[in-house]
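Order as written gives the chain letters A, B, C, D, E and F; numbering starts at 1 within each chain.
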Amino acid sequence: MIVSINELGVVRRNITRADRAAADRLGGFGVATVHEAMGRVGLMQPYMRPIYAGAHVAGTAVTVLLHPGDNWMMHVVAEQIREGDVVVAALTAECTDGFFGDLLATSFRARGARALIIDAGVRDVRDLTAMGFPVWSKAISAKGTVKATLGSVNIPVVCAGALVNPGDVVIADDDGVVVVPAAVAAQAADAAAAREANEAEKRAKLASGELGLDMYKMREPLAKAGLKYID
Amino acid sequence: MIVSINELGVVRRNITRADRAAADRLGGFGVATVHEAMGRVGLMQPYMRPIYAGAHVAGTAVTVLLHPGDNWMMHVVAEQIREGDVVVAALTAECTDGFFGDLLATSFRARGARALIIDAGVRDVRDLTAMGFPVWSKAISAKGTVKATLGSVNIPVVCAGALVNPGDVVIADDDGVVVVPAAVAAQAADAAAAREANEAEKRAKLASGELGLDMYKMREPLAKAGLKYID
Amino acid sequence: MIVSINELGVVRRNITRADRAAADRLGGFGVATVHEAMGRVGLMQPYMRPIYAGAHVAGTAVTVLLHPGDNWMMHVVAEQIREGDVVVAALTAECTDGFFGDLLATSFRARGARALIIDAGVRDVRDLTAMGFPVWSKAISAKGTVKATLGSVNIPVVCAGALVNPGDVVIADDDGVVVVPAAVAAQAADAAAAREANEAEKRAKLASGELGLDMYKMREPLAKAGLKYID
Amino acid sequence: MIVSINELGVVRRNITRADRAAADRLGGFGVATVHEAMGRVGLMQPYMRPIYAGAHVAGTAVTVLLHPGDNWMMHVVAEQIREGDVVVAALTAECTDGFFGDLLATSFRARGARALIIDAGVRDVRDLTAMGFPVWSKAISAKGTVKATLGSVNIPVVCAGALVNPGDVVIADDDGVVVVPAAVAAQAADAAAAREANEAEKRAKLASGELGLDMYKMREPLAKAGLKYID
Amino acid sequence: MIVSINELGVVRRNITRADRAAADRLGGFGVATVHEAMGRVGLMQPYMRPIYAGAHVAGTAVTVLLHPGDNWMMHVVAEQIREGDVVVAALTAECTDGFFGDLLATSFRARGARALIIDAGVRDVRDLTAMGFPVWSKAISAKGTVKATLGSVNIPVVCAGALVNPGDVVIADDDGVVVVPAAVAAQAADAAAAREANEAEKRAKLASGELGLDMYKMREPLAKAGLKYID
Amino acid sequence: MIVSINELGVVRRNITRADRAAADRLGGFGVATVHEAMGRVGLMQPYMRPIYAGAHVAGTAVTVLLHPGDNWMMHVVAEQIREGDVVVAALTAECTDGFFGDLLATSFRARGARALIIDAGVRDVRDLTAMGFPVWSKAISAKGTVKATLGSVNIPVVCAGALVNPGDVVIADDDGVVVVPAAVAAQAADAAAAREANEAEKRAKLASGELGLDMYKMREPLAKAGLKYID
């Protein structure tokens, strides 16, 4: 997670963000589609849930590494946000405290953030919902935090089981959160588009009662694998 | 869960479904009422949650046994669905992957399915919600699956702690999921109806301030059990 | 949790409720604010979730201690409810059964209860939502309970990790549940009011793009703690 | 789980136990081997853990269905135990209470029981360990239970995710618990023996440094599946 | 948990410890026995597990309230330990960090502590085991903590679901941890002794094959409750 | 986790392992010490537990990425093991299946592996214990897996919340598992040695009854932070 044992207490100001156009194209696809296009990797754990239904965002990651019970670095990361970013907050150990509420959301939004992804808790969820500021989190908790310990900003982090490098594209919707490395953002967007291209046709066939068994030509491989029908 | 060690990789085409009228009558009661009528058995674990609030379905079970990370048999079970069925998907081991999304839902619905009950994850929940196709699941996850390993269709399965035989009635609402063996569907519907018969009267009494202590004549048994009031 | 080994099977009829005005003032603040005003103590665990979004209540606690799978004492506590109370139900061991449904809610409401906080499960959540009777619980489960074993009413209990004495103020919203001892209710309300007094000003500053780093004068302490910026 | 809504409160005295010789042969194999021989079904969830390491038992199931917090039926099932049985205790809802301790273990052993498998908690684990009476359970808890509610004995139950019919063979070791239907006990023992037959040879080859890749001839199918080696 | 909102950051030096003789007598009984003697209350949650098997301690509680990720107060509480105490550490929010290791154990032991009960994590468990210093904890974790935030010492705390007042007796063994209020320590010890008095006789009867059904005269109440035997 | 969307199905044969001497020196320290020396980062989640107590290993990581329910790549990674390696197995989604048993352990050991770290389940734990082949895992489960889907070998993986690059040093003991990037292995070993240098002296002081409060000169900062002593 760090490349030097001196890296804690570091804020990297210049990061290479993924191409904005590629990031925005990725935001046009659902998380499940992008995840498939990536070869089924890059997903955060399914315990990461949106605080309200229906949100769908994509943006470039600015990352922050926090210690349990301490949200000091959330103020430090705020300064590094650029228009179109998504803040990704990782923890050095499991914690459900509420690291983020409506005041920080006001600040993050003013700096251009589109969302927060946090492997811990948030609070003021009613206000956040009213503001339309989406958060994907592990927990909702009113428990406050202190401001006493340094973490780092814009270092590679592991958030909810997924590696996030600063500048990566993060896409989130009701199905979860997926990370696309900046270097392959355009490639992933192409792959996602290809995947969706013939979905409408497939959907129409299935809606008419055609079976996936026939549409995907599964009967022969199933029989070969030994599937037996009995009456 | 199986009655022969040859039973994996088997699709039973002819199953005896519970009487449709009894199944539909059971759908007129909430899960809590049916569960009480059954003598407090047959419930799935409470981690099974609907993907959207307010759904209430009853139907006859077609069952499918899946392996972790592999949804091949979901296409096989699709063919066995008849109008009024509910698909019940069990797993051979714990898994939160997204085995089901909007394409399969389109297919299931076209075949007559009323809902999916799955002891694993689903995805495309926004689309499923828009379609009004209800799912009760253990998780929501964008994680895709492969199509490589045989399971079985229409064998007895254990789903979220409840035994489900093909053809049993499955009732699901915001409180959870309950299974009624086909052989006792009518009997259970009668018992549920009897339970509900005098609920309106009870509700009116309680609403007027009468206490359950008096309405259910609990004061004497409580005193006998040793309850003491102190000031 | 008890001060005598004879205390099980006891109902205390006369309890000292927190000052109503203080309780109502506390209800004007969110749970996160009250929790901060209390010095970050008194919160229930974050697994306590409202059965529907948007509820916000405050009231004086009447407490009940239940055994797993047995809701007999819910009928006993009903009689002790006064206008403006919140029922707090603790368990002697973990249990997710549905101890409470629409009939008990009808009774509780008729007696003046504003909400139920229960470290176990509830059922009939669709009806409870329609009634607008808010519940914060650990689980939703259709599983019914028996009426066979004595617990106690209006003794001190531990509910979801928080100590609740009868008469304490309980405040609950989308962020969770917090307990304020009756003796400090007014003091806590003052502290909460002081906390909120300058929030509007802070929010305006943050919305204009000012950073918390500057507003809270964090740059110097961060530098002292060793924070390094790199490009 | 039940075949009639009248089945609660029932004790079946005559059950058909699996062939003793087959059961004992199955006890000569590890749980993993039997589970493979069964086609990878019949396993209980991995949260079922032995209270001490090294126990390995096989026996015929006598089953009991319990309610949360109530162990009355444990005394009823004791009478139904025959030499060589394993008691399998299922719950109608999740519970971690300690339903079983050294007194019941003394009684079970005197009746011929080889072990207890319980989807809940046990206590007196130090005494049970000293006695050498093995238990596989979901939890260890000193929490006692009441004796107030009827369950049933020797009905089919779902225990930790596995269906157990009275008379089935249950095998348990450090890896977990597996259930073999009585009707296929001999067949499963044969399959397990076949599986183990050439393990010694395989082990010797692997110990000498030969790779599974070569021994199982996996290189070609891996290449076909697209595996790429890079330097 | 606190009786004043000023109570955080407080160390109470003079506490009333339970009678030493009563505490020591309680240590002669298992946790399950004491818990039964107390009327089945006072137990901590079953997730509290000993770091090694076979430990059995009783002592008077000195309490400490910690914040997630911060063990500063562990050094403060060390000074308050007297011979025969057990340190009980509660958290203001869930945390699995390792708050305690072999250095602190050396210090605690030197001050007279018999054990640590902590609703969080510990580390150096191999050293602690070698030292024979018993700990009951929620987790084992190498994760270190900071020393930045005040908690309190010798205030009432909720630890793993149980209220602990400074001076209460805490008994812990392989079955878990139970708390006996100081005021009833002698009474509880008497009740535990009474409970154990005839256990040897019961054990002998059960070992000889006599059934609990007969020994406890359960056949009649079971029949009254409706138990049916079928062949 | 991957740097190209083509990276699945890839085996990297040449990896740069951390300096052997540094790795071995790190193995001389406990996980807690190394983790502290690293600035409190690099730890896996505390759910990773050894299958038997007392194991302590350090080695260079060879990594493998697996899909739920499929252990095909375990045979592929075996070929890449060199003397002194530790195999680190990550999953694309949560799974508790038993991916590894005594046959694979025999093969891994023959190739020079010192241990397995796996974010999933293992089986044959009795045999593994007898062999003295240590495993840290998320679960123990007899559940077998299939061999059908490609993963990758020696790519960067996230295992139990920690990023592991091939060649990194992995240290594991009873407290958990920590990862040290290859580039800082020597530096981390130095820092760990410095940490331990004066532990013996500290331990002696604490054993003599000196308080951490005095030894670490905490009284003044505690007073400054506002700590109050009351009698």
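Following the convention adopted for this analysis, contacts are C-beta pairs under 8 Å (C-beta built on N, C-alpha and C of every residue); 3 or more make two chains touch, one makes a residue touch a chain.
Note that the coordinates shown come from a computational prediction; the quantities given were computed from them, not determined experimentally.
Common neighbours of chain B and chain F (chains touching each): A, D. Note: centroid distance chain A to chain B, computed from Cα atoms, is 32 Å.
The set of chain A residues that touch two or more partner chains comprises 40, 43, 46, 67, 92-94, 96, 141, 143, 149.
Chain pairs that touch one another are A-B, A-C, A-E, A-F, B-C, B-D, B-F, C-D, C-E, D-E, D-F, E-F. The touching residues of chain D, counted against chain F in their complex, run 30-32, 35-36, 40, 43, 46, 49, 53-54, 56, 173-176, 178, 199, 202-203, 206-213, 216, 218, 222, 225-231. Across the interface of their complex, chain A is touched by residues 9-14, 72, 75-76, 78-79, 96, 98, 101-104, 106-107, 109-111, 121, 123-126, 129, 139-144, 147, 149-150 of chain B. Note for the complex: chain E touches chain C at residues 1-8, 37-43, 45-46, 65, 67, 92-94, 156, 158, 161-163, 181, 183-184, 187-188, 191. On chain C, the positions that touch chain D within their shared complex are 67-70, 92-97, 141, 143, 146, 148-149.
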